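Notes follow the structure.
For clarity, chains are labelled A, B and C in written order, and residue numbers in each chain start from 1.
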Amino acid sequence: MSEPILEISNLRRLFDVSKPWLERFIAREPRQLLTAVDEVSFSINKGETFALVGESGSGKSTVAKMVVGLLQPSGGTVRFAGVPEGERPRPGMVQMIFQDPYASLNPRWRVADIIAEPMIVTRARSGARADAASRANRVAELLNLVGLSPRDSDKYPHQFSGGQRQRIAIARALSSEPEFIVCDEPTSALDVSVQAQILNLMRELQERLGLTILFISHNLAVVRHMANRIGVMYLGRLVEVQESDALFLAPKHPYTRLLIDAVPNLSEIGRDRVPVQGEVPSPINPPTGCTFHPRCPIAMPICSRERPVFREDAACHALTPQASAAE
Amino acid sequence: MAGKTVLEVSGLTLDFATRRGTLRALDGVSFSIARGEVLGVVGESGAGKSLTGTAIIGLVERPGRITGGEIRLNGQRIDNLPPKEMRAIRGRKIGMIFQDPLTSLNPVFRIGDQLIETLQEHLPLSKSEARQRAIELLTEVGIPAPEKRIDGYPHEFSGGMRQRVVIALALAAGPDLIVADEPTTALDVSVQAQIITLLKRLCRTRGTSVMLITHDMGVIAETADRVAVMYAGRIVEIGPVAEVIRHPRHPYARGLMGAIPALDTRVKRLTQISGAMPRLDAIPKGCAFQPRCPIAIPRCATDRPELVQAGASRAACWLASSEAEVPA
Amino acid sequence: MADVPRNSAEPSRFQRIWESDVMWSFRHSPVAIVSAIVSLVMIFGAILAPLYAPQDPFNPASLNLMDGLTAPGKVNEFTGKTFLLGSDSQGRDMFSAVLYGTQVSLLVGAASVLFSAVIGVFLGLMAGYIGGKTEAVIMRVADVQLSFPAILIALLIFGVARGIIPPSQQEDATLILLILAIGLSNWAQYARTVRGSTLVEKNKEYVQAARVIGRSPLLIMLKHILPNVMGPVTVIATINLALAIIEEATLSFLGVGMPPTQPSLGTLIRVGQQFLFSGEWWILLFPALTLVILALAINLLGDWLRDALNPRLR
């Protein structure tokens, strides 16, 4: 369980958010770059579910896209076990499940074609092209696996409900026999009762197939249910990484604490609280030093000057002995 | 809490005339909200919760049509008012908060102008009085430096600040009832907590009643006094929030509570309700939940259960009153 | 884990199409029904002309100068023949001439629409999907072209091409040249529309899913995006069919289109207008009327299709 399958180090991604060059030229403005992901490092072990949580603008989805290869990193590396540095793993080894089951299936394709596509593409490359009959068998098998009927393979996506569509998307992801699956907010477009079905299914499949999952979500409760380890992101930076239970029991970074406190909980009926003020600042002009310092209840002078170093599970000045002694 | 009734909805039925026949989107929805009370309305998409809110503020659009029941605000019937009179009630007596603050604010007007216009439309105030009142409102909803920000445009505000402005607009004329439809869904968790706290505080101090429509049971748990659970256009359970969350009587409500992953405990498997809510054109006869129900009896397929007293709540289930606690 | 209770009886394919939203809107639009019937009658009437037309107007051997200038329905005083829509100065039966002329007009129209759609859709897909410099070049060319009237561009292309081709082959090449010229003058609209739809589609997750498994950009464009941008293309193609027929008629009317030996509706109108003041009105009227009705019917059909496929406009 302990060998890492994915290692990410110092991952960075910039986006060019400048105006068109003519406008920029006339207004004499420089190029404007947005740092969506900044110096993010973590590793994921084989067979575990690693989750990235954060609010909008935290860069969690950008990390996911770099892991599956939809975006190129501006700096740092994404390295899979057994794959030489700078190369991508075999096609189909890493798969992705998307947020919106209404947009993630091509509306003009039949379910059988949707599920078979990764099979065809990836098998074709490794040289062993499967014939139509064995492909149909495999599609039926996959449909059964995700709790649908093989009779559904001739239908079009619009004939299914949101939850069923997400099952089809899962079947498609599994059809290339992946070892690693990135799930980008896979249930946030679904209703609670359907969300429970999909989450249960994903945990079942993970155990059965020995998959490794990178799970991206803004929903802490869902993450708690799914993940072994959790990374918390804020404004493009990783602020804390801990085992799931430890993170919820004893969060180290003040932002993690804020996030956990902010989630409305069924067991605290009618609770009154003092919420943390402020909102996530724009990533175009992030605060200096620790980006969380303007909202931090325990901020010290050093926080606005220096960027905290990530050590022992979290990146916070208050956790560094020298800093707290000096102030 | 047991004060005067502000809103009384009884037997509300709403149909959509489509070319494939009439679809019943709301079927005999009845509930009431007392003065100062927060009623949460939960349900999954398509359950009819937003439509109930739309019907109350009189903004049902064609081909939808109220075909039965009545809606009374402070005893006055409002579901059959002519559009002009309804416009006067909207804003003055009923405030509205929607999911996306950008759609409730006009992007080309300063937020101050929108507030002042709303104030002057409903209250006899001069321009400068209205402006003063607008600044007070902005202060009240926690906008920093309101004297300056009042001349800002909506796009200059962050998502959370915009939703605060919308709350100020909804409260401007001192309404008796606020219909809030998914007011925090578009916001980040930390901002969501701020908005919930604000809404709760303001309504408590002013004695305004709130109908809080959301899919998030957690928000309801923290905010509401009573909660109504909707399924396929009907209320299946209604009762005090603690009662419905801790001892849900209807099997759907019970499934719903078990399906929500919790922060403090980790279970191996979430309770799952098989299937999905039926589409409006395929609502089963009898109890609409019966095909998905783990404890259905033959009677459920033929007769539709009405809301009956079950403990402190009322539930629409044939088994709700017979067994106090059905094993889950 | 069965989800929604499904209907036991699956509707047949025909039933599904008949019950679809587009068909429903068709069945409830009298304008659409009438214009569809008119278009179909004219299209099939023209295609099947060789089966029932009284005469082959393209074959000089079948013409008799003595039949010339007979009024509609009148008996010719020399040969004793009658012509339903009259005859022209060459003794050509106008009814047959209109049928064959419609055939030529439709052929040029349909072929040029197909040609411009293929070019425009492909360039639009490339511009939208690849973006960057490719997009800038394609779209600027399209902008320039759209700022001139299509007829001017068609005239230009036609003129240049004629200069290149040796005069002896010009007559045979005219049909192809017309198709190319009209086709090339109309691709920009498709490119613009398809680029817009492609920009929307390419950000959808099904395209990302195909990219994750390593599908090539060309296959993503053709297999994933293309089927999803065909709706607006069909609408433009239908409306453009009417425009292309008129464009061809204009060119032929100006004398740079189909020759009188192989007349299209435009050529017939050009020939006919010479007889207008000498009292032989039918030589002009019937081709012109056919052109107007054909273009109007197809155009109305296109308008309806646009509304039916884009419910937001209703």
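Definition applied: a residue touches a chain if its C-beta (ideal position, glycine included) is under 8 Å from a C-beta of that chain, and two chains touch if they have at least 3 such contacts.
Just so it is clear, the structure is predicted and the values come from calculations on it, not from any experiment.
For subunit B, the chain with the farthest CA centroid is C.
When chain pairs are compared by their number of contacting C-beta pairs, A-B comes first.
Rounded to whole angstrom, the centroid-to-centroid distance between subunit B and subunit C, based on C-alpha atoms, equals 54 Å.
Mean C-alpha position of subunit A lies 32 Å from that of subunit B.
The geometric centre of subunit A is 50 Å away from that of subunit C, both derived from CA atoms. Counting partner chains per residue, subunit C has residues 1-4 touching two or more of them. Multi-chain contact residues of subunit A, defined as those touching 2 or more other chains: 161, 163-164, 197. Each of residues 274, 276 in subunit B touches at least two other chains. Against subunit A, the residues of subunit C that register as touching in their complex are 1-4, 204-206, 208-215, 224, 227-228. Per the touch definition, subunit A reaches subunit B in the complex via residues 55-56, 161-164, 191-197, 199-200, 203, 218, 220-222, 224-225, 244-245, 248, 258-277, 279-280.
By the touch criterion given at the top, residues 44-45, 158-161, 188-194, 196-197, 200, 215-219, 221-223, 225, 241-242, 245, 255-264, 266-267, 269-274, 276-277 of subunit B touch subunit A in their complex.
If you check the complex, the residues on subunit A that touch subunit C are 68-70, 91-92, 94-96, 98-100, 103-109, 117-118, 121-122, 125, 147, 149, 160-161, 163-164, 169, 172, 176, 197.
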